[in-house]
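The structures come next, written out as structure tokens.
Next come two complexes built around chain A: one with chain B, the other with chain C.
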Partner chain A sequence: MPPASPTTPGPFGSKLLRKSSRSMLGMDPQKIIKTFFGANSGITIVVLVLIMVFLLREGAGFLSTYHHELEVYRKAGLEFCDIADTPLKQQQQLTSALRRAKASAASDEAKRALGDAEEAFETAIEPADEIVSELKTHATETKELANEFHTLEVGRLQLLAAAYSTSDPTRKADLLKEAELSKVDAPNYEERIAAVIDRREELAKALTDYTTVLGTAAVALPDAVADVKTAVPAHIAEVHAAVKKLETWSWQEPVSFFTAARSFFFGTGWITNSSWQDFYGVVPLLTGSLLISLVALLIATPISVSAAIYTNQFASDQEKEIIKPVIEFIQAIPSVVLGFIGIAVVGDLIKGVSQWEILSWIPGFPIQERLNIFNAGFLLAFMAVPTMFSLAEDALNNVPRAYSEASDALGATKLQTVFRVIVPAAISGILAAILLGLGRVIGETMVVLLVAGNRIAIPDFGDGLGVIFQPAHTLTGIIAQELGEVSRGSSHWQALFMVGILLFVISLSVNWCARTIAKRFEHPKA
Partner chain B sequence: MMKRILTIALLTLVTVSAEAQSTLRIRGSDTLGAKLIPSLAESFKKTGGKVSFDIAAEGSSTAFTNLAAGTAEIGMSSRKVKADERTLCRSKGVALNEIEVAWDMITIVVNAKNSVSDLSKKQIMQIFAGDITDWSEVGGPSGPISVYTRNTSSGTYKDFMTMAMKGREYGKNSQKMAGNEQIAAEVGSNPNGIGYVGYAYAGAKGTKIVTIDGKAPNPAAVKSYPLSRPTFLYTAGEPAGNTKAFIDFCLSPAGEAIISKAGFVALSAK
Partner chain C sequence: MPETASSAAQHAPVVQVRDMDFCYGSKAALHSIHLDVEYHRVTALIGPSGCGKSTLLRCINRMNDRVAGARVSKGEILVKGKNIHDADVDLTQLRRQVGMVFQKSNPFPKTIYENVAYGLRVHGVKDKTTLDEAVERSLTQAALWDELKDRLQAHALGLSGGQQQRLCIARAIATMPDVLLMDEPCSALDPIATLKIEELIAQLARNYSVVIVTHNMQQAVRVSDFTAFLHLGKLVEFAPTEELFTNPREKLTDSYLRGTFS
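This part shows the complex of A and B:
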């Protein structure tokens, strides 16, 4: 198509664009239009900056709030209880294995033996368990006192600030009186923790006794439960380690800001609205997001790139007319609709297929959860295809004609030209397309919220490739699910904003990479 | 003359529409807000209440954040208000007023194909806390247990923790669903699934109710079922006007009939 001639604008355009002697505010219309468009592009930059400022402002306080919470966690003795609790949880896993073995045991005699062993395990831990649960009640009370004090203190300071800024004397007196009323004593950590420390010896003794009993009980275990038998010595070692840790534990040891930051970025537990202690560790969410994006990319890349190559190089004009609009139409499907399809159709389909005998060699099959990483990744791939297809097709289009003509002139076949000349020349653009597809996928919310299964745990990589058929939770999903319920300014609220910042940084760097790659291998302008 | 009539007509129209326009914004628990409160609102309108309702049910916590922010007239909650939520409301100048409306029974459901039909309280705690991970441990066929729970904004999530799990944390293998319906749907589709729902949702397709130490949830014997709990409406200060009229309606015999029909237990029946 010849370029539109600038000398023949429409009747309206000609009036607007022609050089005129008239002017407004000292500017001629051309200048005004230029300023208008310039201002619009300026606004997008300003909005972007405002978004960053907003995210940072809400998230900035997180580290200090979380730091304070972790400090209370230590001072109130919750940390102490958790150290003692870890071996107790392990013991539960061991008895769980025993129960399973008992259920599958063949003879009544074996069943009885395993039942006795289970009971021995349970009774051995009871004294320690009792002490820990008593200490937990005490620690929770301390924590509640600390939280109440903190809330009231913050409120009191607000009231005082309001009182000093008001000029109305009666209102000022009211506010001051109210502030006085909400004055409470700070909890005396030292006095309260003493009750915990006093029982340290007792707890250590109970745990050590438990290991002795367990050691003898383990010897008597039948060979049917060899895995439990081998796990017991390691467990006993862990209990001893925990006892050592309890003995050196001190409530006064300061919590560094580094600890707070580390437990956010590398923490493996995202536990909120807990009656014990909230933890904000992003690792499970991050792994979920990354795994889902990876699955989506692995599915979407071959489809969209080969579709782009075919459309650009081999398709007839008629085919192009059909393929391009159809692929671009996919973008118009709302993600919530895709989510419903994921629950109602794809989930049951994957689950049904996974139960076929002939497919049982695939890791993870037959699957149990219809809402899982693969399901979400599959739908996201579908959403990423239009973006990746269009951009990859553009990249192929931008390869100078001279390249293919030169290749033709050397007598190369069409296939040789495409795969040896055009695709290598467009590879940077194709890579950029894939990365921008990744950016699209990692920020998608609705589909993952509905379809990914929302299990906040690091997927079990022990399953090998089967890991993609496990449920997971994502960075975007957690914000959507939890932001509505939290009170503004709380640590939970700030933690969610930190997750938002993390997401923002990820998409920003993905986009930056895409741009750098595209720029680095730019073609000479033909 | 004509002009005057027109003005009066217009004025009446404005006042009438102002009256009809008054909206009760109700926020909070999904257990109450998905079925019960909307059907109460419907009948309230039928009995001549001139008020429109705006109901959003996203979990009990949202009741208090909305009441504190002044964006709701009534908060629905399937649990009692927490101390820090009361403090939050107080700091915004809102004194919470609590009204018990109905009793609910948290019902444990498993897939209809599951052979397990009774669990002890301890087993339930261990399953949801992640100590028991296989059905063979509780006398079923061998298979890993999939645990479905509500998400953290739900009052049921918290209530279940205190009532059935002695305040312990949910196991890491639990999956957090947005509402009762989703839990019922997943349990119905997964032979190894277990979850809890409000009694009103217990009859979903493909699921069956598990008795707890032999006790089935039964509206006639609420008190003896271990997982029964009161549900509440909260208002900012003493209710007045439309708010009061609606709450009075909920507690009237007509309201109680709807409550029983929706699968809850009316206060007078317990």
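This part shows the complex of A and C:
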């Protein structure tokens, strides 16, 4: 039967081909279907925008809150105490080094000499130590006053806002009265800080005296504790620097927003829930995240790229049918299960292996911690392999057949064709695959939370490459660990959202780079 | 023109296809093909689509090895007197002797220089002077040297379509093959670029034996010395071009040339 022509449709054609004459809700059904699909793709974009807005809204308040906290930190004199405290902490380290030396000393005579030295160290610092601890108590009181005032002030402002928005006159009067009652005076920082400033001279003198005593005591130290002996001059210099800083310190010096931002992005300490002062410095977390990702990338890249090259270029059809699903299956393993494996298997394994004599040349071996950067990086590499493999394989697959044909016709061997023509032609896609793998790794949370060791400190790069066997904490891990426990809207809460924003920006830029690289050299369609 | 071969060998056909059958798996594609490619002459293969002319071309440098199940089931092909399916034949050496240019220009995404030098590099040539000389010679023979000598380090994919195809010819002749196979080299080009390639083919015949597949009969007349007409996997007629086009012996050839094909 010849097909029904559009002008004269047959009996069935007329039913099937005609445009519906009916309409739903006054709209053409085709239009409804189109709108439905369009709306679905629109929703994803809207959701993404909402996520960004939400993150920014929660995080935006952080800088001003943190700025306020740092201001109180300075005005209440906590900063002053911290300047003096730094050399005191060093002194404690020196003394405990002496104590350890004493415990392991061979002869009684040496023990006695070291004991005397330790005592001399302890007595020398006592006056300064006393002053600092008194000042600390005073500063903490000031800070508590400031916090109390801040809380009340915020509550009062809320009452006032409620009062102005209500229309009921009696309720308005009540609210205003309540607000009036909760009004308290701001703490008088000038008066409070005077007690601290007054003792500045005294503290400076105590510290200077301490250095004099220490200098003479250090000369008498036995050679057995050479490390302490050499550390003393540097320590003395630090104390002098601290004294100078104390003398120029002023409580009135304004804290700029720039300082708050800098102490977030470049701050070396992430100290929370402390009785003294909270600091939100992101550097330890960022280093942890970057080191773990780097390790993961270094392990995953060669594995996935060579697997992709083999599968795409050399494997027989049966091999392909095994390799591809198996590698893609890795993606189906829940990350928390990989975390178990990291704790139960990989940790013990690398610790055991690190104790082998023949491997002692590897920096950082034998390792102390089962849960460390390398362990986390290793498991993340495992998670990144499927992403990187699939994308790299796609990139190789997209290389026009004409290239390999031309290369073959010129007498190149299979290996020459693969490494001189196909891989170079796919290199942008392979790089993009690596970057997208990096994006996957940076954002991963569960494995690093379980396996990275969660020590919030900048890893000690003095170990050289051994640094990767130290525990670390990460940007993702810290959010997962702390967000459930902080009070909503506090500075800590906001700081975690800032970490989220940072993470978002990193992932976004990694993805953007990947897209740019992939677009850079698009193959002619062949 | 290098006159290394003895004059006797010069007159022997450089490629001899002897009574060859070819099949893709169980499907026969060519039947009893018997064809000689003369030394330093242009041989054209014509015929309707699917007649096997490209398959025949690809048999000569064993490009069909890439296709699973494709094989010569009867007869043999000799290149310079040597059976190319002998066990001791090195495929890379064969392809060095028999160069190929494809239907669609396919320069590598590399520089112009690297494209031309590629064939030598895969055969282990590392010496810079040798490579430089080969690049200059090949580009000159492909009539590209004057256009491109100042931008040898430019990316090959930035050239025009005609230039790209001539670059592919330069790449194929850089290894100094004895035979140059061309699979519809002008089908994707405009008339002016086509004209340039046709002129080039005439010049190339001074140094190389050329086999060209074309669906354009005028082109076969213009460029070739001998023409083979294939139909349904059989060689219908093979004769000097002028003879075949003016005075075909076979009725089938005649009707194909007239366009009165049933």
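Criterion: the second predicted complex is superposed on the first by the 479 of 526 C-alpha atoms of A that agree within 3 Å, B and C clash if a C-alpha of one lies under 4 Å from a C-alpha of the other, contacts with A are read in each partner's own complex, and residues count from 1 in each chain.
Just so it is clear, a residue touches a chain if its C-beta (ideal position, glycine included) is under 8 Å from a C-beta of that chain, and two chains touch if they have at least 3 such contacts.
Everything numeric in this text was worked out from a predicted model, so none of it was measured.
*Asks:* Mind checking chain B and chain C on superposed chain A, clash or fit?
*Replies:* Superposition result for chain B and chain C: fit.
*Asks:* Touch check for A:Thr216: first (chain B), second (chain C), both, or neither?
*Replies:* A:Thr216: touches no partner chain.
*Asks:* Students often get this wrong, so check: with C-alpha centres, what angle lies at chain A between chain B and chain C, to the nearest 10 degrees?
*Replies:* With chain A as the vertex, the angle is 140 degrees.
*Asks:* With the two complexes superposed on chain A, say which partner A:Arg420 touches: chain B (first), chain C (second), both, or neither.
*Replies:* In the superposed model, A:Arg420 contacts chain C only, not chain B.
*Asks:* For A:Leu410 in the superposed arrangement: first (chain B), second (chain C), both or neither?
*Replies:* So A:Leu410 only meets chain C here.
*Asks:* Considering only the touch criterion stated at the top, classify A:Ser275 as touching first (chain B), second (chain C), both, or neither.
*Replies:* first
*Asks:* Quick one: is A:Pro400 in contact with chain B, with chain C, with both, or with neither? Answer first, second, both or neither.
*Replies:* second
*Asks:* With the two structures laid over each other on chain A, which partner does A:Ser96 touch: chain B (first), chain C (second), both, or neither?
*Replies:* first
*Asks:* Once superposed, minimum distance in angstrom between C-alpha atoms of chain B and those of chain C?
*Replies:* Nearest C-alpha pair, chain B versus chain C: 52 Å apart.
*Asks:* Can you list the residues of chain A that meet both chain B and chain C?
*Replies:* No residue of chain A touches both chain B and chain C.
*Asks:* Sort out for me which residues of chain C touch chain A in the complex.
*Replies:* Chain C residues touching chain A: 61, 63, 66, 91-96, 99-100, 102, 104, 106-110, 118-119, 121-123, 157, 168, 171-172, 175.
*Asks:* In their shared complex, at which residues does chain A touch chain C?
*Replies:* Interface residues on chain A, with respect to chain C: 400, 402-403, 405-413, 416, 420-421, 424-425, 521, 523-524, 526.
*Asks:* List the residues on chain B that touch chain A in their complex, please.
*Replies:* Its residues touching chain A are 58-59, 61-62, 64-65, 68, 83-85, 87-88, 91, 126, 131-134, 136-137, 139, 142-144, 146, 151-153, 157-158, 161-162, 167-169, 172-178, 185-186, 189-190, 192.
*Asks:* For chain A, which residues count as touching chain B in their complex?
*Replies:* 92-93, 95-96, 99-100, 103-104, 144, 147-148, 151-152, 155, 158, 269, 271-276, 343, 347-348, 351, 368-371, 449, 453-457, 471, 473, 481-482, 484-488
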